[in-house]
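Sharing a structure with you now.
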Amino acid sequence: MRFVDEYRDADKARALAARIAALCEPGRQYRFMEVCGGHTHTIYKHGLEDYLPETVTLVHGPGCPVCVIPMGRVDDAVHIARQSEVILTSFGDMMRVPGGEGSFFDAKANGADIRMVYSPLDALKLARQHPDRHVVFMAIGFETTAPSTAMTVLRAAAEGITNFSVFCNHVTIIPAIKAILDSPDLRLDGFLGPGHVSTVIGARPYEFIAAEYGKPLVVAGFEPLDLLQSIYLLLKQLSEGRAEVENQYRRVVPWDGNPVALRAVAEVMELRPYFEWRGLGFISHSALRVRDTYAAFDAERRFTVPGVRVADPKSCQCGEVLKGVLKPWECKVFGTACTPETPIGTCMVSPEGACAAYYNFGRFTRSRVKEATAR
Amino acid sequence: MRFVDEYRDADKARALAARIAALCEPGRQYRFMEVCGGHTHTIYKHGLEDYLPETVTLVHGPGCPVCVIPMGRVDDAVHIARQSEVILTSFGDMMRVPGGEGSFFDAKANGADIRMVYSPLDALKLARQHPDRHVVFMAIGFETTAPSTAMTVLRAAAEGITNFSVFCNHVTIIPAIKAILDSPDLRLDGFLGPGHVSTVIGARPYEFIAAEYGKPLVVAGFEPLDLLQSIYLLLKQLSEGRAEVENQYRRVVPWDGNPVALRAVAEVMELRPYFEWRGLGFISHSALRVRDTYAAFDAERRFTVPGVRVADPKSCQCGEVLKGVLKPWECKVFGTACTPETPIGTCMVSPEGACAAYYNFGRFTRSRVKEATAR
Amino acid sequence: MCLGIPGEVVEVLSDRPDLAMVDVSGVRRAINIGLLTEDPPKAGEWVLVHVGFALSKIDEAEARSALEFLESLGQAYADELAALRESRIE
Amino acid sequence: MCLGIPGEVVEVLSDRPDLAMVDVSGVRRAINIGLLTEDPPKAGEWVLVHVGFALSKIDEAEARSALEFLESLGQAYADELAALRESRIE
Amino acid sequence: MNPRLPQLDREQQVLHRIERARQRAARIREDRITLAHGSGGKASRTLVEAVFLAAFGNPLLEPLEDGAECTVDGARLAFTTDSYVVSPLFFPGGDIGDLAVNGTVNDLAVTGARPLHLSASFILEEGFEVEALTRIAASMRAAADAAGVQIVTGDTKVVQRGKADGCYITTAGVGLLDRPVRLGVVHARPGDAILVSGPIGEHGVTIMLARGELDIHAELASDTAPVHGLVAHLLDRTTGVRAMRDATRGGVATILNEIATAAGVGVVVDEDAIPVRTEVRGACELLGIDPLYVACEGRIVVVVDGAEADTALAALREHPLGEAAAIVGRVTDDQPGMVLLNTGFGGTRVVDLLVGDPLPRIC
Amino acid sequence: MNPRLPQLDREQQVLHRIERARQRAARIREDRITLAHGSGGKASRTLVEAVFLAAFGNPLLEPLEDGAECTVDGARLAFTTDSYVVSPLFFPGGDIGDLAVNGTVNDLAVTGARPLHLSASFILEEGFEVEALTRIAASMRAAADAAGVQIVTGDTKVVQRGKADGCYITTAGVGLLDRPVRLGVVHARPGDAILVSGPIGEHGVTIMLARGELDIHAELASDTAPVHGLVAHLLDRTTGVRAMRDATRGGVATILNEIATAAGVGVVVDEDAIPVRTEVRGACELLGIDPLYVACEGRIVVVVDGAEADTALAALREHPLGEAAAIVGRVTDDQPGMVLLNTGFGGTRVVDLLVGDPLPRIC
């Protein structure tokens, strides 16, 4: 596959690993946060850590859109799905996420009509096919996904479709990163910036991280070599005493993002004053809702949802994992009470969740590259 | 079973058969019509003809309510059943009756929601259970069944149920008998009067048959001894030169019928000016429709039905069979092209249809009682 | 469809006087007795059941006399047969 | 969910200019290109596909230069390894 | 005796013409499957012959017995399968689980085989209660233990809600034909006696009442039971058994017709001799159905050499499952291919295959 | 080498604790069946163990192999069953009919048996087109002929509209174990090699695309095929085969896990060695699924003595169905119970059972 296989090449990886090892100051620990869950997935799926010295730690960030949905919102969606006329549509990742009253799969087994879709456009297609039903799209995701939801609403409006709405749970990445940066218990040496979010928002919005917090950030692609190169670039900045925003993923990410996408989102959605993030609590101006102009497509207005805040299970430490304070395996229930088949927290559900990625792919005794340890 | 087993006793049957044989004038042929399909069924199911001399012929009449429904009415019912909100309910007997576009079973296989019920009250129950659907009851039958339909409509009205209606195909027995009596090609010596119809209308309405046409009629019960006794009574009248209405089924049939039932029917239904009978053509004042007062419960008004007259298949001789002009096996297609599994005519469908009864039960080489032939 | 089955009234339902529990050979069903309001059946009486309704009461006296007639015929027939046999033996 | 897959535009649908047929390793799907109206992709160009939408075009020149950098690193590494081996042989 | 009236001769000609027509190859005329095709009656027979036999046809399948006889490496095996789609899943006297085990055990037993190994394959509907499945599995185990068989292999599929009805089970069974008998309805011959092992129709009526739609209540339970012990006892005591069938879908009437058709013989049964429980009769009268067509799940029909009829009857009656066994009829050379019933009333009538079962999804 | 950081030791303790937890008896926590229970992954495994194995448990069932080995009258038989609920019923490369025959033939073949006799039981939905059924029956016959087996017994049930999805088929099969080998994943041991007989995932991806819901198009056809010939060829040429499985639901990954679990060994596979067609990879990337978990219906996974790996590979490649066979991994004594993958990128990761299959109703 072009633009894929080139970036999974083991020879280039070995070369990069050597450079990385060479850049590490002996005795110094490096902690880099990959903000995006897609990165977390890549890291474990390809065994990227095998190329890193033990002194380089990748800290998983809050950028898994599934992981940050609080239980109460899952319950609200299930409530909507239980209406007899409703078909709730969702990306597959959400299906197993536990709410206070079970997951979408549980609701489906109990009779709710919940269907997986590949695209919000597929949800709109279902609405056209079932004029007697009301199709709700469970919209989740960062700025990567928000434009597709917005475009779908615009299309529904243009077609005059009246039996389609979105349950909007879109969140924005910058407030989440800010929350991380402001949390006192975290020591990070730099960030791997989310590549796909950045195709939409560009690299510019990260500049405050370098400017105000003095941390380097490299917008990184999603193939393992992209990440390895980005780590190399971070270490290079550190070794050279720089703290800048760099763009490793230039083949895809323009510095200024995608203005069409940003306009579509701004047309259909507006910032919420605050929104609850799972494990992180309420963060102001961190999420999107449907504007009044498109109220007809807002499931939250069409259906009165319970809107009850549901406390996370006591044993759940997703908040600490999402903030990078804990490694997945440091959670007390990891792998025993909390497993992909019986998740307690959201991070164990999505393939982009840190706990799931570590459990599914990383759960074995590994030794890091010799170059690093041998020094 | 009380009131059943006593009337299936072979010893008493043998005694009656001897009396019957004794009453037959040597060389004389006797032709009695059992008007009711229930009688036809009893005759074949119990092998009653085995007790009759060959000179006594039972002629099957038009009294099978399923058999007289014309194809167009089946198509109309299927048309109603095809409406997505409709559940069509029907007695099992109707399910296989061929319309111009197939039977209820065919329509069901093609997706129509058609359900069998034991009682019109079960149809009403379905309406209560499915407030989002409209339940139509396919009402068929003579005066025996019309009161239950009427009572069900009255109950629906009393309960204020708005999603229930009846597709009324009730017919009346007297015009049918009159049509038989007036048909020139039929020679009958007497009638076995329909027992269950008579529980409702009584025996009195038959008096014109004796008075105006000089034919004896005996209202007969449904067990084989009832019928055998009634034949005996007919022969007795003939041998004594009488032509009267007698009531063999006195344990069930009051001379004046059931006034409550008659009032219920009169409250809900009124005579149609004319109605098409399968094989017999249009007969005036021979069927019932729902009165204006209960228009809300009339499926014919709620749904516009095609109302197309569908000609019977060319090979079909049901009319002749229903009038008693032909014995079932005399129809050209009997048992070859027309069988219970692939009926061409209605008489091959209902267990009370003459062709079905003869095919299912009587289709073998039999010899009549020796007493008769030995004389 | 024109089936009529004799059943014994077991009880008239107290909360639904238009319904009676009817027994047919050990099998029970609630049957509408709204067509018999002029002479409502009581427990122990028999009715003719048709599509969920009691169409009429069964008159036991009439039934008895009809059966007696049939039995008398049977007796006469038996006597005749016996006589016939005797005459043949002669 | 945040999956983005590179695909080659095979054709822009003539009747639906917001849709392009995109090929991913021999697999084709119509993808909405409404987010790329400022620089619509043409056949032969590559786009990043995400939940049915093309999120951005893939810049082949940028890709080439990034790969060249990686290759140069690889070459340098190979040279170093060779040098290391030589030094050990010594 | 008088000469027959010419009219009766014409009737006879018609009857002969019909019998010839009935012997023609089955042809399916419907475009779509209806419930009748699963009823065990004529439509089922036509479907099996016109679609499955036409496609699969081979000498082992063609007898269409309850199980096929296959010789593998010198071992004479019986092999059978049935799917169970009964609704409701739980009913007085049993559930789909013991039904699925007993049904296949019985199909093996009536071929004369010793039932040994069963497979069990489940099609579950999304949303089905795990607790119900656990109960079903437990009753399958209990039934397997009672029948001395083991469930040795299986499969589970789950389909979306609305694509099944809770739980369907398909069992297949392998048994060993270790007796020197070769049974089959094709072996019936005039003079043979026909027995049933007990009162008929309890299973079918129980299921129908258990659905609750008819609001009919009776003290009835399914007769579901494994008959291998009864069969073994019978075969130990008589040598004259020609064929056995368990009277399931389509009831005793269907089996009698299969005997008449397969062997080209007449079958005559006596209505009064057929054991039917009072409640079954009551329910059947109320619903206008004939108990002869109502399914049992623990009753067998036996064709036995007429000379051994009493021995066979005694053997059946010695076994708890055969206490109410009865000789119900005989095989004749009259009216070949036809089943006649001497009615309790003293008349005679045909007993044909039903077009469609009035009671679908009873097994 | 530096001493391990204390942090890593703690991580290892956690990993050991997890492995112990994973070895505990399966317990089903859901109240209701979900599609995951039919996916072939963890939920399926839990259902089978917690419900069916718990209820039916016996020594013949317990290996949970593709077929059970039963000895009947001295004959070593293999016995297996599967239900087929694939949607759509017709798809590029096959239909539910040949799938139902090939699937059961393959389950027999991979136990080392010669497939002989099949049963076929149909659950039809009211309204199903007779013509479609006829086509299905014809392709079953063709598949049976190709596999040299006969369909010797069967059953048909019809359920109401909305209680099935056109047509479900359950086949069971009997085969003869006439080779002196005893195969089973339990026999895998360190040093063994693992082979697959051809490119993986074509069936699953074909079915998914055939549904049309994803609007994805590719030149792909199901790989459904009977593998008995391939297996026989392999067993004729090598003596070191320890186990075989056909990689259906759950794909190759599931089978690798079954090997690791059953034999208590580690399994290591090389991503680059696993044959995957370009289009399969493309569709999987587009949908975010891993081809390792995608079903095949004509591919086998073979565990063979490491010393015979090349012989086995050559044997497979001689057969038309094995032309693209490859050695994909090996059995180790490292990380017992676990499957590790050496990624093409040069890293290592776990390959676990899936919680639920992203592609339901593929077979």
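First chain written, first letter: the chains are A, B, C, D, E and F, and each begins at residue 1.
What we mean here is this: a contact is a pair of C-beta atoms (placed from the backbone, for glycine too) under 8 Å apart; a residue touches a chain by one contact, two chains touch by 3 or more.
It should be emphasised that the depicted structure is a prediction, and the values quoted were computed from it without experimental measurement.
A.B. asks: Could you tell me the least number of steps, going only between chains that touch, from subunit C to subunit F?
C.D. replies: Each step joins two touching chains, and the minimum needed here is 2.
A.B. asks: Looking at chain pairs A-E and D-F, which one is connected by more C-beta pairs in contact?
C.D. replies: Spelling it out, more C-beta pairs touch across D-F than across the other pair.
A.B. asks: Just grab the chain with the largest centre-to-centre distance to subunit B, centres being mean Cα coordinates.
C.D. replies: Farthest by centroid: D.
A.B. asks: In terms of residue numbering, is the interface formed by subunit E and subunit F classified as same (over half shared) or different (under half shared)?
C.D. replies: Mostly the same residues.
A.B. asks: Superimpose the Cα atoms of subunit C on the matching ones in subunit D and note the rotation angle, 0 to 180, in steps of 5 degrees.
C.D. replies: The superposition gives an angle of 180 degrees.
A.B. asks: Centre-to-centre on C-alpha atoms, which chain is most distant from subunit F?
C.D. replies: Ranked by distance of C-alpha centres from subunit F, the top chain is C.
A.B. asks: Measuring centre to centre with CA averages, how many angstrom lie between subunit B and subunit F?
C.D. replies: Each chain's C-alpha centroid was found; their separation is 61 Å.
A.B. asks: Which integer distance in Å separates the CA centroid of subunit D from that of subunit E?
C.D. replies: The mean C-alpha positions of subunit D and subunit E differ by 66 Å.
A.B. asks: List the centre-to-centre spacing of subunit B and subunit E in whole Å, with centres computed as mean CA coordinates.
C.D. replies: Chain centroid spacing, subunit B to subunit E, equals 33 Å.
A.B. asks: So how far apart, in whole Å, are subunit B and subunit D when each is placed at the average of its C-alpha atoms?
C.D. replies: Taking the average C-alpha coordinate of subunit B and of subunit D, the gap between them is 79 Å.
A.B. asks: On subunit F, where are the residues touching two or more other chains?
C.D. replies: In subunit F, 30, 32-36, 126-127, 214, 281-282, 285, 288 touch at least two other chains.
A.B. asks: Specify, in ascending order, the residues of subunit B that touch 2 or more different other chains.
C.D. replies: 1, 4, 9, 14, 108-110, 118, 122, 225
A.B. asks: What parts of subunit C, by residue number, touch at least two of the other chains?
C.D. replies: Those would be 1, 3, 5, 24-25.
A.B. asks: Pairs of chains that touch, anyone?
C.D. replies: A-D, A-E, A-F, B-C, B-E, B-F, C-E, D-F, E-F
A.B. asks: Where on subunit B does subunit C make contact in their complex?
C.D. replies: 1-4, 6, 9, 11-12, 14-16, 18-19, 36-38, 63, 65-66, 91, 93, 118-122, 140-142, 144-145, 147-148, 151, 194-197, 199-200, 222, 225, 229, 248, 250-254, 258-261, 264, 350, 352
A.B. asks: What part of subunit F is in contact with subunit D in the complex they form?
C.D. replies: Subunit F reaches subunit D through residues 214-219, 278-279, 281-283, 285-286, 288.
A.B. asks: Mind pulling up the subunit B residues that touch subunit E in the complex?
C.D. replies: Residues of subunit B touching subunit E: 1, 4, 8-10, 13-14, 44-51, 54, 92, 96, 105-106, 108-110, 118, 122, 224-225, 327, 329-330, 334-336, 340-342, 351, 359-366, 373-374.
A.B. asks: Under the definition above, what is the set of subunit F residues touching subunit B in their complex?
C.D. replies: 126-127, 161
A.B. asks: If you look only at subunit A, which of its residues touch subunit E in the complex?
C.D. replies: Result: residues 108-111 of subunit A touch subunit E.
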